[in-house]
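Multiple structures follow.
The following pair of complexes shares a single chain, subunit A, combined with subunit B in the former and subunit C in the latter.
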Partner chain A sequence: MQDQTNVTEPSEPLKLVLYVAGQTPKSVAAINNLERICSEKMPGKYIVEVVDLKKTPQLAREHNIVAIPTLVRQLPTPIRKIIGDLSDIEKVLVHLKVGE
Partner chain B sequence: MATELSDYSELGAEELRRRLEEAEETLRAIREGEVDALIVRNPRSGDEVFTLEGDASYYAFMEAMDLGAAAFDEANRLLYANKALRELLRLPDDEVDASHLSNALDEEARLRVSTLMRDARIAKQNTEIQVSAGGEELYLLVTAAPLHVGAVKGLAVTFTDITAKVRAAAAEASERAAHSIIASANEAVVVCDADGVITHANAAVSAICAENPIGRAFADVIPLTLPETTGLLQARDIIALAVAGTSVQGIEALAPEAPRVRDLLLSAAPLRVGSDKVIGCVITMVDLSQRKAAEKQQLLLMGELDHRVKNTLALVLSISKRTSSTEDTVQGFQTAFSGRIQALAATHNLLADRSWASISIAEVVNAELDPFVTRALSRLTVDGLDVQIMPRAAIALGLVIHELATNAVKYGALSRDTGHVEVVVGRKPEDAFLTVDWVESGGPTVSQPTRRGFGQTVITRSLQYSQNGGAEIDYHPQGVRCRIRIPEEDLVRG
Partner chain C sequence: MGNAKGISKSPTGIEGFDELTLGGLPTGRPALVCGSAGCGKTLFAATFLLNGARDFDEPGVFVTFEERPVDIVSNVASLGFDMDQLVDKGKILIEHIAVDPSELEEIGDYDLEGLFLRLELAIDQIGAKRIVLDTIESLFSAFTNPAILRAEIRRLFDWLKDRGMTTVITAERGDGSLTRQGLEEYVSDCVLLLDHRVHNQVSTRRLRIVKYRGTAHGTNEYPFLIDEEGFSVLPVSTLGLNHQVFDERISSGVADLDAMLTGGGFHRGSSVLISGVAGSGKSSLSACFAEAACAAGGRALYFSFEESAAQTVRNMRSIGVDLQRYLDAGTLRHIAARPTFYSLEMHLAVMLREVVRFGPTLVVLDPISAFLGNADQLEVQAMLLRMVDFLKARGISAVFTHLMHSQDGASETDVGLSSLMDAWILLLNRETNGEYNRELYLLKARGTSHSNQVREFVMSDNGIRLIPPYLGEGRALTGSARRAQEARDRRDRAQREHQLQRQTSIIEKRREKAKAEIAALQVELEADEMELSRMLADEENFQAQVENDLAAMEKSRRARSGE
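The block that comes next holds the complex of A and B.
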C-alpha cells in the first residue's frame, strides 16, 4: 500500500493535529498523553498542532471533527483519526503506524 | 493510465471504508465516555462546542435551565427531558418517556406538537400550545430543531412558558378596549388615581372642563357644587369615598365654570384592577341640561295651567253673574249663558289644538262665527286676518267676536237679509296695537241701548289687561261699529 510506504519513509515527519475543547479533563489528558508518546516513541519525527475548538469551532469542519478530543494524522496521507484522551498508547501507535 | 484509474477508484473505496470506520469509532468513543466535548452542527449560527465535562456538568447545566428541554431520537423516542420540563408538565422524575409527555397534552396540543416534530426534521419550527398543568392554564411556545450529534439525527425540543406574555398581551388588548369604551361613551368619563389626580378623560369632558384635565386634581380642575347635599358633601369627599371602595351614584351637581354643560348627574365608583385592590376611581358625569330644561318647562306649564284654570273659572263665574243680571227669564239666561260658554270653549279648543301656542285671528273669528256662518257667509267680508296672536288675546277676541255676532244676529246687520258685516285688520306703524274693525251695514237703524248689558261689558273690558289693548263700540245709526285693539306684545312676529 502506497500510504504505508510513505509512513515508513524516515525523511518525512508526522504531521499531527490535536483537537481539544479548552481545559476539559479529557482535552488536558490528551495533550499530556500525546506529549509523552511523541517524546518517548517517536522523538524528532513529528510536528504537532493543537487546535482549541472552544476558541475556533469553525476549524472542526476541516477534518470533520465530531467528538473531542480527536487526534488527526494529517501527514502522511491518508488522514487518520484517533478519538479519545490517547491513554491507550499501543492503540495510538497502531493507528499512527509508528514503528512499522 | 489504466493503472492510475484503477488506483484512483481503489482509493475511493478505501476512503469510504475509512469514513465508515471513523463513524463507528466516533459512536463507540461517545458511548464509552472517551470524549468530553461534542461539536454540534448548527446551520444557523455555525458549529458549537458542547462540553460534557466529567459526567455531570452538561447534564447539570441542562437540569438547571429555566427552559423546558427534551431530546428525541430518530424514532421520536424521548431520550431526555430536563427538570424544568418535568416540572412544567408535571412529568415523573424517573424513567420519563414519550407517553408521559403525550399524556400531559390535550388532543389539540398533541396534534400540534407531533406535526411540529415531523416538520422540524427538515428545519427548525415553532408553535404555540395551551396546556393545563396543576389546575393552571399555561401558554407554551414549543420550538423543535434538528439535532445532529455525530451520526444520531435527533430533535431538540424546547418548551418556553409564555403565559405571562400572552396574559400581558390580553391585558393590553383589554386595556385598549377599555380605552375605546371610555372614549366612545356619550357621558363624560374621568379616571382618577388614588390621590384624586386625573389619569384619563374622554372627549365629552371638554364640555365640562375647557382645559386639559390630565395630571391635575379632579376637585381643582372641575370645581363642582352639590346643591342637594346642602354643602355637607363636596366633590372631593365623593372621590375619597370612591377610592375607599364606596360607590356614589346619581348626585346632582353644578359646574359653574363649565364651558357648555353646567347641570350634571355625578357618579363615582372605585376602580379595581386585577385583585380587589382599589387603585383609583371612575367618575361619570351625565349632562342634565336637557332634563333640567324639560323640568323647568314642565313647572312653567303647570303654573300656566293652574293660572288658566283659575282665570277660566273666574271668567265663567263672571259670565254667569253678568248674564243673570241682564237676562230677565231663565230661558234667556240659558241661551245667553250657553252661547258665551260655547264661545269660550271654541277658542279653548283651538288653543288646545295648538298646545296653547299662537293662533291666527282668522281662526278665532271663524270659530266664533261658525254657528252663524250659514246665514252670514255671503254677508261677511274679512280681510287681513292671517296675523298670529297669543292665547290670552285669542280668548278675549273670541269673547268679543261672539258678543258682536250674537248682537248682530239678534238686533243688527245679520237680523236682516240685506245686512252686511265687514271685518278688517289694520295697523299703523306708529301704533302699539293692531286694530280689528267690525263694521255692520244694511241692518235696521241703530240706537244707543237703554241699559248696559254683559255683552257691552265684555267688549269694552276684555282686552284691557294691557294698556295697549281694548275695544270701543259705537252705536252708529247705520250699523254697529267696533274697533278692537290687540296689544303689540300679543302679536307673534313672523
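The block that comes next holds the complex of A and C.
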C-alpha cells in the first residue's frame, strides 16, 4: 500500500544535492544515511550530487547554504531543504515527499 | 601609562565615540551593539565598517542576515556614504545570508560550517580587517535547536577573534536583559547599548558603554545623532567652575547700554540673560550683541528657536542692524530649529557640536524659554548650566533670551536662571496713559558697577537707543508722558525766561530814570553851589568896597583936620 504504488508514480526523478564540509562525522553520517535512503526507499528514482564546500566554498554563497550538512531537493520544484545528518529516515522521506 | 600593555583600539571614525572610548573599538575582538528596533544599531555598525574601509585602510565585510544588500547601500547613502564605490574598489563586501525558516527541515545533528566557510571566503576575498554581523540573532528564528546555535555562535566568536577580526555584532534588546538571546554572554570585551526614548513625543537617541574591558571609558548615557553628516556621539561633559576669567570687555552693540556699565561693556565670557515679555525687544537686543561681536572681528553663532535666518535678517534690518553681510562673510552663523525638533539633551548636544565646529566668540540662544514647553524645568536648568559651563570654559560669551509671561514677578525667571547668569538685562513693556513703552533695566552685572536707572528702550531705523527717563514729581516718566512732560517743561522755561526779560527791562528803565533824576539833582546842586559862591564873592567885594569906602572917608577927614 505504500511503496510500490507511490514510488512508481512520480515521472520525474528526484534531484538531490547534499552539501557537506570535508569529512566531519556529521557529513559522513549524512552521506551514509542518504545513500541508504536512496537505495532502500527509492531505487532508481534519484540523482544525487554531493558537494564538498570545503573545496568549493563559493557554492555556499551561490546556493545560500548556512548549515552543514544540508540536503536540497532541487527537483521537483519547489526546492526543499533538510539540514542535519538525516538520521531519522522516515522524516526524511516525508519531507522529500517520498512514500506518501 | 600602561599603553604598551593596554589593548589596541580601532577607530570607528564616529565623531565623539572615539574620544569617549579613548580610541575606538577593541582591535581584533568582538563588540556587541544592542538596542531595540530602530535605534540605529545597523547604522552604527555600517559607519564603523565604512569609515574603516574609507579612512583607515581596513577593508570590511558586512554580513547581513536581514536586510538585502541594496537596502543597506541605500540606507547608508542617506548618511553620505557611497558604499557601491567602496564595494567596486574591493574595500567592502556585503555578504547576504538569508535563512528562511519555512523551507528548512531539521533532521539530525548539524552545524553552521557553511556560515564559517562563507565568512572565510568573504574575509579572504578582500583581506578584511573588520566585520559586521547584522543581526546574528535572526539565526535563532531560522534554526530551532538553540543548543546547537549557542555552541556555534560561541565557536564563531572565537574563530573571529583567532582571525583578529575587529567585529561588531548587533543584537535586539530583550526584556530584562541586554539582548534577546543572551549574546552578551559570548562577548566579554565591549558591549554598547543604544537607546531610543520618546518623551513628550520627542525622541532622543542615547548611547551607553555598558562594558569595555581593559579600558577607561565614560559611563554616562551620551546622546547621539544620526543625520546627513553621519553618526555622531555627543559627549556632554560636565565641567567644574575652573574656567578662565577675562577682563576684556565686549560691546553689547548698543552704545547707550555699554555706557551704563563701568568699563564700557560686559566681560568677555559672561553669560548675559535678557528677559522680557513678548515684543519687548529681546531678539533685537541679542542681534545687536551678535552684530557687535562680528564687527569687533569675532564670530557669532545664533541659535534661534523661533525664527528662520531670513526672518531674523529682515527683522533686524528694520532697526538698522545688517546681519546679512556677516552671514555672507561667514563670521555669523544662524541655526534655526524648533524646540520640539529634538529633545533637550539632543538640542544641547547639537549646540555643543556646532559650537565646537564653528568656534564662535559669542553664542546667542533665542529664546531659552521655548524649551519649557516640552521639558521639565529642572532639566532645562541642567541643560543651560552645562551650556553655560561649556561656553565659559572656552571663553565664549553667551546671550540668552527668556520670554516672561508676566512682569509681575519680573525678578523671578521661570527656570531660576539668575544664579547661572553673570548679567541680567530686564526688558519691560509698561502701559501708561494708553500706550506701551519699552524699558530696560540692568538688574545685575557681576563684577561691573553699573547704572541702576531704568532707561527707556527705543528702537528706530538707526538702531537701539536708551533714553534716560524723565525724573521728577517723584516718579519716572517714559514715552509720550515723558515727551509731554518735557514739552511742558520747555513751555514753563520759556515763560519764565519771558518774565525775567520783562522784569529786567523794567528795572533797567527804572534805573535809567533814577540815573536821570540823579543827574538833574546834580545839575541843581551845581547851580546852587555856583549861586552860593557868587553870593560869597559878591559879599567879599561888598566888604572890600565898604572898607575901601571907610578908608577913603577917613583919609579925607584926616586931611581936613590936618590942614
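By our rule, the second predicted complex is superposed on the first by the 90 of 100 C-alpha atoms of A that agree within 3 Å, B and C clash if a C-alpha of one lies under 4 Å from a C-alpha of the other, contacts with A are read in each partner's own complex, and residues count from 1 in each chain.
The definition used in the following text is that a contact is a pair of C-beta atoms (placed from the backbone, for glycine too) under 8 Å apart; a residue touches a chain by one contact, two chains touch by 3 or more.
For clarity, every value in this text was computed on a predicted model and none was experimentally measured.
Based on the superposed arrangement around subunit A, label subunit B with subunit C as either clash or fit.
On the superposed model, which is not a single observed complex, subunit B and subunit C clash.
Touch check for A:Arg61: first (subunit B), second (subunit C), both, or neither?
Touch status of A:Arg61: both partners.
More subunit A residues touched by subunit B or by subunit C?
C
Once the structures are superposed on A, label A:Ala21 by its partner contacts, choosing first (subunit B), second (subunit C), both or neither.
both
Between subunit B (first) and subunit C (second), which does A:Tyr46 come into contact with in this model arrangement: first, second, both, or neither?
neither
Following superposition on the C-alpha atoms of chain A, which segment of subunit C from the set 115-123, 439-447 or 529-537 overlaps subunit B?
115-123
Could you give the residue numbers on subunit A that contact subunit B in one complex and subunit C in the other?
In subunit A, residues 21, 24, 26, 53-54, 57-58, 60-61, 65-70, 78, 80-81, 83-85 are touched by subunit B and also by subunit C.
Mind pulling up the subunit A residues that touch subunit B in the complex?
Its residues touching subunit B are 2, 21-22, 24-27, 53-54, 57-58, 60-61, 65-70, 78, 80-81, 83-85.
Can you check the complex and tell me which residues of subunit B touch subunit A?
Answer in residue numbers: 7, 14-15, 18, 22, 25-26, 29-30, 34-39, 46-49, 51-54, 149-150.
Sort out for me which residues of subunit A touch subunit C in the complex.
For this pair, the touching residues of subunit A are 19, 21, 24, 26, 29-30, 33, 53-54, 57-58, 60-61, 64-70, 78-88, 91-92, 95.
Please output the residues of subunit C touching subunit A within their complex, sorted ascending.
The touching residues are 95, 97-99, 103-115, 117-118, 120-122, 139, 142-143.
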